[in-house]
């Protein structure tokens, strides 16, 4: 990476404004051939806008894009791809009813006469790319029938249809298992070795420190600095991102646990989870850790009345209960903050206040009417308590940042005064600053005497918030750890299905 | 037949339940209606279904795109009016039987134009196609009345209506045109880039935009295709009548949508095919024909067809939707 | 109730006896316009079936096009397919059925057109027409209107479903005759009421706000005429206004009896149906049947109404 | 240029209101009778039947579904109430008809709310089924009330209170009632939630099936009320009297800016949509235009009004899609 070398891609003074917002404010950025350059910033810092400018989806108002020394103008994704700039989207953007091959070459299917698709060429080329990615499925398969991870591979395969100069990965690991991550990192290293410049966007610090050569940080649409990864600590990066230092330590009073609030005995739902037993006490956070598909979310859904267990018992506060619906669960004091906040947590076009009071709207009435005052009182209380940033309760939930949306959902369930609070993936897709606030909040809730279950796929998260960790593998509980006894190694072993000595 | 073949036929029927239904009613009417199982009756069924069938092909494209077109009945009437009226224009008076040619061309162009207008509005305004074409359904019908002045047009040249009585080999020419359209649109949808992009735009519009597919012009093209097919259907219908009436094609949009949905195309887009639509069209055609032959009173036909539509939807939901993982939503 | 049952039983018995006796029956197919849209067509259908059942030598196939031209064309094909001996058609559209009738003609199946006639181009291919003369009915209504107003006044017209032959013919007969007979009567406006009483009522309400002086209303049938009458009564302007319709319905007959409705044209669906069947049978019997067989549809007014039975529909 | 100012003039977000005002001004300039009290009353009275039905359909659409069966359901209810009027008397005919109509609504609600079948197709099928049922019931005959002057049933369609026609009072009262229900009660909130995001609603403990089911019952109830007005106004009924009403009703709802995707819409704006359609019809006839010009005008008005609405929400006039 000598300074004499020509950058694969260079951005100079990029400005992009939207009505009322200056989304990018003079951003400089470069990536060298054979370099992995991580791009960091909180949600709303301008990363996505920058990526869309790079991928030809937005036109910058000011500034220059220089590729291999030549200033270029890219007005469509196809033009960007022709220049060798390829974006791999964060959210899967595949067409489910089409084959993997068609998806890989979407928008540029090889053509024969009369606009016919040249299937032979298409499938040959696609299979070659999948082979290069060490994928075990054929390109003729319909995408709808592939696993999420394989779908992600199809997404990545798209980048390899051209001789890419620059490949942009936008949160590529969000839905991948650890094993699949290893394959992905191999691919990135392979691309790197071929002299491709990589732009890597992620919220996960560990990945960034494993992969990247340099780190550039954006904040509020502006460039905040570039760091050499080898000479940097996580703390430096975080400070640059949020403008202050993050406190990651757990310096609270030693927790005091009360009575057993929730007890699950031999709960079984064939094909999803088997023979699951555990307890949660008041004042305690129990973390459920495991790979995607290990059955954690399904247990939560069963406890919330969304699934019917084949056998087993659920006891709330010592009483055996039959939970037939979410309404029943709510009546028993169980709350669930679901995994997917946009699809399961919020009615996006509804305003913040109405979203928050939705589960108890029936109880907030004065006569036949909903009491405006009672609703607003709840909203104000939880907006202050959770530090939700919104100009007004009238704001529709859809326009808030991910972190604030998640706080609305948490507020919605806290306001129900639950006896058991289940939080599934509390910080997925949320920036570092909000993440830490939510972790803090979960600890506080425990301290206030709530019985809390946290489901997470992120090891630092479970380690940080839990008092006890339940490790799951393939629908079964492999081991339970007290937080004091757990080590990263034993935890990884437990969730990978490696047998070890039982905990006493 | 080998066992393997049996299984694949079964599996094919499972994926295309409408053809199982077509088979069922075919056997039923063959056994219970006297004149049903007869080669000439099969010809009739094909001719009778061609009107709705040809439009249904276009509707399949538009619905896979995630749109809908409620204005096809009115477009059909407008095209029929042009096809019949232009023949009598003074400009073509000396053309003899060739006066039919410009008439048909103009009628088809009018259909394409109506489709283009719908498509353009859907693209540029971003208003839902259901609303745009609901408006167009009223508006184009208004154009028909403005153009015809409320009365029927008729073709003075019997050569025009003789066309519909022609046969090509063993099949009536209308049936041949219909089958030809089925094959061409099937080929278009399954083999060409435009056809594949139709699935992409309907299945995941964002992905299609990101992949550089120009979604707007793409949708306009599909609206033009359905406009063309509705006009073609109108021209063929007017050859059967030797005339065009301003009320022609009322409620056809509902029948067309019924046929397409019976054929397994999803209203949400991204899914469906011509084989299914063809089955859906035949199902309606056979039921109507068979019930006519069995003299089922018209009042009961309404109840039966409505109930079958709902029943098919119910069965499709039971057997053909992807497993939602047992979540009680 | 019991009386109907007895008649039914009796007719069943007759049929059973008759069919045992009959050597060869004729099969006649009928495709009707739109049964169920109003009582006239329904009564027609019922009368037709009754007339056919009363005749042991006739077997009928009764179809309904639901107002859809294309469906009527397919029904024609289906009837040809069944090789019926004769087809009776109530055309949904006079022009558009010409080729279908021509096909039947080519196949050697005689076609009798009922109620509203086929276009001129089709006259060569039909065996006969049987039905009311709609143009004449329009003329009658114009004459009554002229009479009632004494040759001076302002009127409005409410027509049937736009684009349908009966509606067009009645309007034509009325317009032409009125202009000829009574130049002193001016037509303020013509709007459709779609054979629908409620829609006619709405149309009339708008007329009433629009025009301060309306002396007479001509409606394409009594159903719409009574709708217009309702509107005028509600607005308190019915007094002295002349209402003239066509196809005398029971509601029109009753309104006439109350003195609110001036006159109409008496047209019996039972006569219509019987005439159609008889014409078809005559054709099949090889008799020399005239092309146009109009059955009588006389004027009915408050004065002469006691000569007519109250319509059953 | 083509971009509207963010949060710009509030008026830009009221597409329907703008269109409405423009139309009222144009019509009143073209015809001096248009704004007369008589004409206004007459338009209000005429729009009551479609209006009452549109109120129910608005609630169904906010809940994320469609109802195309209201047209033939209106035929069903009107024929039933008129036919039973002379057989069992109005005091029994009305409750029997309302119950029967609610049963049809319950069938819709069960198929769509509980079995989760697509509402467009189910109600399309029901449109056909119910039309068949009406014809089978009546044998295709018109039904009439014999004693038109003497029955107290006349009050619903022909009566007046303080000089205001009863249909207007019924429409107005129902509009207010439903507005209050949708904007101020827990049920209303739940309908918006289920229409906006059914999954999230279930995750919030809302009984989704029950809510959707209820919206169809309400729609059927509105049809029953409309049928009482219609039957009383006409004192008779044809079997196809409601044919085509479903589309006029839907047009009014759409014109009122209710999103077909569900979760958004307003009862009061539907009233505006209903009146707008009625004024277009009435105004054009007053101007002496042939009846089919109203179809052309409606075409343009629907698209422009919804376009303005959509444009205001996205902040720019034209869709950004390439």
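So that you can tell them apart, the chains are marked A, B, C and D in the order they are listed, and the count of residues begins at 1 in each.
Assume a contact is a pair of C-beta atoms (placed from the backbone, for glycine too) under 8 Å apart; a residue touches a chain by one contact, two chains touch by 3 or more.
Note that this is a predicted model, so its numbers are computed, not measured.
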Most heavily contacting chain pair (counted by C-beta pairs in contact): B-D
Far-end chain from chain B, centres as C-alpha averages: A
Gap in Å, rounded to a whole number, between the CA centres of chain C and chain B: 34
Rounded Å distance between chain A and chain C, as computed from the means of their C-alpha atoms: 72
Whole-Å gap between the CA centroids of chain B and chain D: 30
Distance between chain centroids, defined by C-alpha means - chain C, chain D (Å): 34
Set of chain B residues in contact with two or more other chains: 145, 150, 298-299, 328-329
Multi-partner residues of chain A (at least 2 other chains): 76, 306, 325
Multi-chain contact residues (two or more partners), chain C: 35-36, 162
Touching pairs - complete list by chain label: A-B, A-D, B-C, B-D, C-D
Residues of chain B defined as touching chain D within the complex: 121, 123-128, 130-132, 134-143, 145-146, 150, 209, 214-216, 254, 257-258, 261, 267, 298-307, 309-310, 313-314, 317, 328-329
List of chain C residues in touch with chain D within their complex: 35-39, 41-43, 45-46, 162, 189, 191-192, 195-198, 201-203, 205-206, 208-210, 223, 226-227, 230, 234, 249-251, 254, 313
Complex contact set, residues of chain A against chain D: 19-20, 76, 304, 306, 325-327, 329-330, 336, 338, 343-350, 354, 358-359, 361-362, 364-365, 368-370, 412
Parts of chain A lying in touch with chain B, wherever the complex brings them together: 55, 57, 76-78, 81, 87, 89, 93-98, 102-103, 106-109, 111, 114-117, 144, 269, 272, 301, 305-308, 325
Residue ranges of chain B touching chain A (in the complex, touch as defined): 191-194, 196-197, 199-200, 203-204, 206-208, 210-213, 270-271, 322, 326-329
